[in-house]
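Read the structure below first, then the notes.
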Amino acid sequence: MDIFILQVLNALFYASILYLIASGFTLIFGVMGIANMAHGSFYAVGAFVTAWSLGFLQSRGVEPWLLVFFLPLGAIAVAILGMLIEPILLRPFYQRAHEYQLLLTFGVLLIIEDGIQMIFGSDPLLVDMVIAPFGSLQIFSFRYPNYNFVVIGTGLVTAFLLWALMYRSRFGVVLRATSQDMRMASAMGINVGKVYVLAFGIGSFLAGLGGAIIVPTQTAVVGMGLEALIIAFVVVAVGGIGSQLGALIGALLVALVRTAGVHFVPEIELAVLFLIAVGVLLWRPTGLLGNAP
Amino acid sequence: MLALDNIETFRGPAKILHGISMKIEEGEVVAIVGRNGAGKITTMESIIGLLRVKSGQISFRGENITRMSAHSIARRGIGFSPGDCGLFSSLSVQENLEIGRWHADPKRIDKMADGDTLEKRVYSVFPEIEGFKRRNSLKLSGGQRKMVAISRAMYLCPSLLLIDEAFEGLAPVVISRFRDALKKIKEMGITLLMAESNFSNASLVADRVYVLDRGEVLYEGKPKDAMNDPRVKKILQG
Amino acid sequence: MIIKIGAIKNVAQSKLFVISLLIALVLGALPFILGTYQTLLLAYGLIFAIAGLGFNLLLGYTGLLSFGHAAFFGVGAYAVAFAARDLGIKNMELLLLTGILSTFFLSVIFGIFCSGLTRIFFAIMCLALSQVVWVLSNKLYSITGGSDGMSVKWPSILWFDEYSGSGAFHRFIFDYYYYVLVIFCIMVTLMWLLCHSPFGKVLQAIRDNETRAQFVGINIKKCRFISFVISGSLTGLAGTLWVPLTGHITPESLHWPFSGEILFLTLLGGFQNFSGPIIGGIAFTYLKAYAVASTPYWQFVLGVALLLIVIAMPRGIVGLFSSLIARFTSRSERG
Amino acid sequence: MTLLETINLKKSFGENVVVNDVSFNVDDGEVVSLVGPNGAGKTSLVNLLSAYLTPDHGQILFKGRDITSLSVSERIKIGIARSFQIANLFDELSALDNISLSISARSGKTYTFLSLADRDTGVQNEAGNILSLFGLDDKSNIPAKELAQGERKLLDVAVAYALKPSFLFLDEPTSGVSTRDKAKIMDTISSAVRNEGVTAAIIEHDMDIVFKYSDRIVVIADGRIIADGPPENIRDDKDVISVIMGSQGNEV
């Protein structure tokens, strides 16, 4: 029983991170039709920037409980990065075939992956000092760090905010209109360029946030972005690309499968995960909640 | 109100407009008529900034709008209803309509006569929309889609409305309905510029026509005199 | 009228034939001028050209972007390694056969899963399947050597047997280069025929307009499947040829970034052209070799190069040159 | 002789019934026009007959055989082809290749791998003949995407025609075409179809064209057939004309 609860909590924790990454990926794909290959690297940048800046602030004597408020630094940095990349690098190529955007973002991926090493070095970074101030909760026989609940909560709150943004705000209507027909949207007075920058910024922010809140519990290591990207692919493939609810459900499913996989078939848990993606795609090519465009 | 001066526009490598000049006065209904590929749609897309104009100048109420982005042109009060309607199918009809209102210049809305709200005005053109405004725009017939497209452009509170192929694909029974609607829009003091491949439909509503052929203006004047020009007659009737 | 078009095409085709023959002769003469290392690089280039040719049958002609072609390349290479280690095969022809058969079966399996999908869904399916293979190669340590990989000795080529003693490296590279060159020429010819055959036209038709292809009575799924199997097998052949030259295989060549590199080289050359991936394969080999040699941050260099290529020559090297040639000829015609 | 027959064909999308209990038949060699207001269900009917949609209810018989469950490609094999309302072409391929593709698909050459397509003189000549039949012979090497709208519509019909169907559906072959080109396109199509004795069903809005080119007119409104007969009868039927043309029909 204890193990079961622990595993469920771990799955929820993991699902929250996956959701943050995948929702950003699916948002960018939904609005601009770009499968952002650098999205996982955005997640890694979020983790590294947060880890580095918290480390720096701590060395300047900032109290651990204060450091918590600086966690979003990584996410903000990534949002800025995204809002620079979209207009400078991607915008000139929207008229061209999708392959070019894929290739451009693949180039960004290569640059970021090595750039992280150049800037932060290849030593792993960890900022676990922010976990302690939150304390922990006694659940049956084990203590569970309260910080993990913060991560789970962040995922839930983000899901709610994104839903409200998409379906309960004017910006959401504008976003949905632009994603469908950007030419017509601009003829209706919508500043498509602004919408794109914002959408790309929000999508990048979400990936960065995922990296920022995971770095107190896991070290930021070189290559973490590559794995994140592939898992995000699986999440959106399962959930349905372009669908926010799909990203949420996909994240939960993938997290549960992986947690169970690590428990029961640790050797090939990743293979099981990919096979599930294969199965879902065979059954419903557009994912569980995707609709054929 | 709107003046095109020697406009040249390319579509990819192909030069479509070879120096088009037009003048449209306040309150007029003008139709651009021509065969397919003559440059009607290209002219419209050049005006609203969806296509980049290579040379020449377009001015709207004395302001040079030649290389402005489409959204800033729209916000200056030029509405557009495309031939394929261009409805946002992931939005409801109502959301489709509202998008226009959010980007309309409030100054223009304020100028409207007392008691005449934008909403009332739009719905007076096609009151039928009230009946299906909650529906998803995918589930509309061709005629309904055209109604929504025109009304949506009306929500921008435009002083100039561009309608591409207002009557294309409409059954004859619906055409007369649309003709009345266009007259109503004209009575509101909105200038209309239409692109039509069917000359007889165009002559139903237009005060003046421009006949285009191969990206050049061939004729300009009253519709009833157009057929006196042998070149126009040849183009429009074969 | 029709006969005239045919005549023009015949002239163009015989011109193409002469040019190709000249290029083949130059490629054949190069090892006598270049050093061993350069010959080795060129052999790698030809191998990646074959991989790109296979990849582009899907991307350029069928309109499907695979993000899992590393699986075919890697499995071709692993099949050679297994055959050499476990079956003791030393003969390159037999190794080739093993590699091609394995990748053929793999692409049939992948093809069954993938040929019903298009666009991003196809890409993700290929990715997921290839990742399964990658995970297995990593985890089945006792068979594959895990992340350490496996080494492969120099095989015997045709009747040339032992490569040992002094100068063996040079002799092997020299001989193997010609081995690769001959296979390369055969494959280019076959693929050129395929792309210009009725079936090639059918693939392009499906790429252009799936609905209409269905309405002229084409079995779309079947054609995509055949294209997929040919494409996968050809990329697998490249992997098979590649492994004796590196002498070592690790799961890296099954991992998705390697699929990204195959895409990279195809677009570098230009995917709207038959010759694009050929040029791209060779150019990419040199680009990567020099980047790796000059800095530990070679990925960074490749990334920057990639961005520059996309921005400066969006239609790839071949596209750039053909538009330059077109501009030059139209100018000289006018002048 | 009856070539095609539908029995109580029905199709609905949600609560919206687009084809409601339609039974009619077409004789061998006839040219039938389907007319009616927008949203009457004409295109849906053609979609059902060409297997683009599956009916909820009812049967389709072709040469007396039930073909309701046959797929698109199976219906093409037995000789049912169609053209599209919005020209649906292989845009990157030349006009000639668009046609030769149809021909080689028809003659079972799809799976020919290692011979050059443009050396197949049989296919090339036939494709050239069809192009000139449709007046497109000077466009044979131009990619379909660079053709003018009217030419695209003609090529769309020609691609279907090249399948040598015994029954051809034409979905608004003149929509989006200027008044002047309409007659030319219809003359071309009509002579091609009648010379080969192909049975054709045409969806069309322009009543002048309908009256001029068809042997029989089927009027559809709200998913039902409301009139069926030769052009003279339809023209004289005031009720039917008012449905199609509206109350101001005479004025238009």
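By written order: A, B, C and D. Residues from 1 in each chain.
To be clear about the criterion, contacts are C-beta pairs under 8 Å (C-beta built on N, C-alpha and C of every residue); 3 or more make two chains touch, one makes a residue touch a chain.
Since we're looking at a predicted model, the values are computed, not measured.
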Contact-richer chain pair (by C-beta pairs counted) among C-D and B-D: C-D
Chain at maximum distance from chain A, centres defined as averaged CA atoms: D
Inter-chain centre distance, chain A versus chain D - centres from mean C-alpha coordinates, in Å: 50
Rounded Å distance between chain B and chain C, as computed from the means of their C-alpha atoms: 51
Centre-to-centre distance between chain D and chain C (centres being mean Cα positions), rounded to whole Å: 43
Chain B-chain D separation of Cα centroids, rounded to whole Å: 32
Residues of chain D whose C-beta touches two or more other chains: none
Topology of the chain contact graph, where touching chains are joined (line, ring, star, complete, other): ring
Complete list of chain pairs which touch one another: A-B, A-C, B-D, C-D
Residues of chain B touching chain A in the complex: 48-50, 69-71, 74-75, 80, 82, 86, 88-91, 95-96, 98-100, 102-104, 152-153, 156
Chain B residues touching chain D - in the complex, by the definition given at the top: 14, 34-37, 139, 141-143, 168-177, 197-200, 235-238
Chain D contact footprint on chain C (complex, rising order): 1-2, 5-6, 9, 13, 190, 193-194, 196-202, 204-205, 207-209, 211-219, 223, 226
Chain D - residues contacting chain C, complex: 50, 72-73, 76-77, 81-82, 84, 88-93, 96-97, 100-102, 104-106, 109-121, 123-125, 128, 137, 140-141, 159-160, 163
Footprint of chain B on chain D - complex, ascending: 13-14, 16, 36-40, 146, 148-150, 172, 175-181, 183-184, 205, 207, 243-249, 251-252
